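So, here's a batch of structures to check.
Next, two complexes with subunit A in common: one pairs it with subunit B, the other with subunit C.
Moving on to the complex of A and B:
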């Protein structure tokens, strides 16, 4: 009985490892089991994890990147991320929580946030967006007529896309 | 659901609480946005992986086809007719070497009604401008001028060495462009941004001008026109697509025959010759080597400079000694009726590899080294190879030809020839360029939107007299409104998945039996793990199958894959009753190969071949692949498609029937 359970556990680990390896290999341009360290956040997030930037850095540190701005080998990546998935760390937030976050920026509860406010909050507070991230977000998020973010529509747009591609859970 | 924005201590003021809430909200939105973008990026990346792995698998098929040509030569009952495969791409009357401008003028009349540009030789800048203007307005250049231009180009190219030496000393910059692949808009954009070629504005075009895009002919005409006007300032290197057998598969032959209904035979025949006269490489200031693919551990520039380059009309046709060797390998594999079922039959020569690095003389062979073999190997390597970051020189497994060369191979060659940079093309790059081997090797790729609208940027290099490269990126957009990132990824993804589904359908019976092996209890469902293993082993594509599963097959609540659901969306275009499913699948899968073979057999390019030719070729092809198809089934099928019973088959129409279509075309963007 105990042995059987053990097997089940091993099977789960093996399956998680395969899933991680696949995601890793999409970013492994030369098929040599390495990726650019700057892609780590992207791979971890695409596996359904929801870390902040500091937490991504923390993971990278565990992966012992040899040189700054260097490459991460699958061997180092796999155990760190397997543990994250097994421990169910960085779980995604329920959908309505993000709506509350936008509401918190909408002081007068008007249902929208002006471009100026959005840029100010997201490039000055928290883990600020760089210029590229901010521009990318504005390009999709802003309503061209009013130059404001109608956050209910915006959130819906992105969420619909997501569930089609990434319905799986670990 | 409560707010995650928790309450602060009682002592803090309302304003503090407000700002605390704002910071938390900002952090959450930033986190959520990065999460969303990461997943979008993943979809973009795997879509590009799909495109690229299918492209390379197709190149392998094309290289394998050269094995079949050999096989045909050896097994055909009428060797005379088949041996012509290699002498002419369907043009019996070879264009006379000495046929000059005057004769084309006499022979081909340009009617008064022709409104396109009229060229007079020697060409001037005005002629080039007229050509650019005409092509922007989608006009064609008359066949007479095309033939004149090509024969003049051949005359000029013949005077050039295999390796062109340039110097930056008397010029400002030299611009280097990579693959264009028939994307005229990219060439026009480069000229618009960077200026037309001239004595002050020198260019090197690094091969792959043709195939895939719609305007290969126009690109070739423009490049050749500028070459004639500025033979010392515009330079062309041969790419792996400047090869008439490649052109049969990848669209250029078709483009020419559609655009020039009366003279395409002569044009193709001349082009075949012109391509073989293209220089192989360019060296700037003895320091920068520019060639299309790459190098191998045996690349010998002195040897390459000395060989007769025009002898190799197509690299798809290995010299005889390679064919003999491959034949020996093949003899060990039974070629006739090895199995009862089509499934699980792999192409007999699938694992064979055409390359120099993996290619050594058969052990125990006392045959003297074949000079033709060495020439072929040397050129194959520089036109087909790709760089890798691992040291060493290994066979190029994904393309099936050329090799992968590591930093050590680059370093060795640089030392031997005292070089400092290698500029090559040949590989798709999302940003249009990539730097590898510690900055020693640069890849430049100039066809933007190569796989799909929005899939990649194109780029070119500006080299200044200090030989420092500067990259200029661009992207042609046909859409009036700029798509946002999310829409772009949606377009690329659905197009990639479409190609993948077609590939899946073409392997239907093989996949079905692979799935069935895992489905011990016959439930029609298998685990995701088994499903992924089956997909990987049958399709031979390294893709993130677990991630793609949701797009390709349905899963039940227990997490098992309903494996037949991956065929639901697809069907054969106009199913022919007489074709049994297995036969139809074979035809579907090898449609491209068969199209090329039939085109070669169809010497007068009437689009028709005789029933006898069809059956004979079919038997050879299936026997070559080791597929057992009952002879009478194909005969029945053949008779059924000879609609007017005149003993001939319109093979294009026939093959068109075995096209996979999608029942429910999903919208490109949601």
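Moving on to the complex of A and C:
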């Protein structure tokens, strides 16, 4: 870490670009420096960012994709995401914010959310999950015994260890 | 000058005297002793025997002279003094009287010289005899001297002169040659002084004369001036009279002229007055005519006004009726309005209640929307978080090769 700090801004930018390129290449299935537009969100999230869908759409607009459902070239992708990382946008959502969010859904402040409520809220509100996403989440988040989400415990499981996640340990 | 008035002369003499005195008094030290003696005879005293004798002779002579002077008087009233004189002297005196009468006769009538001289000789002898008798009795002499009052006579003058001579002789006898010289010098000085004084006097007199002359001239001049002034005054008076006469005449002339002018003016003014009177009458006539016309016009106007007033009254009555009607309608409407206002108030209240209800509903809606938004945000948050978590779980291993398997992958 100390080594990285000493490298200065140019070095930092080069490092970030390298990391971005690596992440990009994971999704470059045809190895021609392009990725599917639908993968952009995944790539950004794999870099430790937590944007919502609207913010991902905003980034895609900046990358000037010519046709919807097309491909994005690395040259377009790199400067936009580099700027995002240098500005430290979409930082990991802190625990207390997550807690507040769950509490907002827990109308009776019971400390848990029933499966029905969770499905209702997450598939109808905000940026609704599709069936697949919903099921993925239910599979991991629900307490098998009560069939409810005990969010006070659960949120701890979901918090990513920031110190190990690039680039927020920069 | 020579004809100068005696007062002036006396004044000058007085001046002279004071001059001498002033010279004598302060200059006493400067004046020689001899001169002093001259000036003051009382200091003279015989100091030599010879001188003394001479003086004795002279004194005796004086006494004799005085007695001689007394003799005619005594003879005049011999009976009165006879007892005092005694028989011897009385007889001598009688004889002497006889002789003196005789010689007077001889002197008045020219006779022979011989007898005259003889009588004279007799008279001398008789006188000597009488004198001897008197000198023998000095007391008698002094008594007579006091008793007998002698009138002033040429004899007194002589005696006085003789006494002066005696003093003079004494002086001469006492004066030494040096003193004599000094005296002469002094006298010379004095005479010089006198001369000088005389000159001064003459000069002063001349001056005086000149002053007098000037004064006379001045006087004459003044007289002349007075004369002139008198003449001029007379002239003035005369001129004045003439002037007054002239002015009076002029004034009369002026008055006459003025009278004439004023008469003329009066006549003219009268004429004018007549003219104006005529014009005035004409104007009065004219104005009366116009007045008549105006009166007619006024009557007409009044009539018109009367008509108008009547018309106005009718109008006003109509309007009043209309107004009353309108007022009644207005009152009706007012009542209606009051009724409506009541209703309106009621409706307003209802409206307010409804409004309040609506507001509350809106608030509720807003609250619901807020909750909805909050839930939405919360869902978005959770969704984003979930997606991030999922992606990292899946791709951790791919990104960090050789760093152990991610939980996400294991769960998948």
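In the analysis below, the second predicted complex is superposed on the first by the 153 of 170 C-alpha atoms of A that agree within 3 Å, B and C clash if a C-alpha of one lies under 4 Å from a C-alpha of the other, contacts with A are read in each partner's own complex, and residues count from 1 in each chain.
Please note the rule applied: a contact is a pair of C-beta atoms (placed from the backbone, for glycine too) under 8 Å apart; a residue touches a chain by one contact, two chains touch by 3 or more.
On a predicted model such as this, the values are computed, not experimentally measured, just so you know.
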| item | value |
| --- | --- |
| Subunit A as common anchor, with subunit B and subunit C clashing or fitting | clash |
| First (subunit B), second (subunit C), both or neither touched by A:31 | first |
| Touching partner for A:112 - first (subunit B), second (subunit C), both, neither | neither |
| Contacts of A:96 with subunit B and subunit C, given as first, second, both or neither | first |
| Partner chain in contact with A:140 - subunit B first, subunit C second, else both or neither | both |
| In the superposition, subunit B vs subunit C on subunit A residues touched | B |
| Set of subunit A residues, in rising order, touched by both subunit B and subunit C | 22-23, 26, 41-42, 45-46, 50-53, 92-93, 97-98, 100-102, 104-105, 121-122, 125-127, 129, 133, 136-137, 139-140, 158, 160, 165-166 |
| Residues of subunit A that touch subunit B when the two form their complex | 15, 18-19, 22-23, 25-27, 30-32, 34, 41-46, 50-53, 92-94, 96-98, 100-102, 104-105, 107, 121-122, 125-129, 133, 136-137, 139-140, 157-158, 160-162, 164-168 |
| Complex contact set, residues of subunit A against subunit C | 22-23, 26, 41-42, 45-46, 48-53, 92-93, 97-98, 100-102, 104-105, 121-122, 125-127, 129, 133, 136-137, 139-140, 158, 160, 165-166 |
| In the complex, subunit B residues that touch subunit A | 1, 3-5, 18, 21-43, 45-46, 49, 388-390, 484-486, 490, 528-529, 532, 542, 544-547, 549-551, 670 |
| Subunit A-touching residues of subunit C, taken from the complex the two chains share | 372, 374-392, 395, 398-399, 411 |
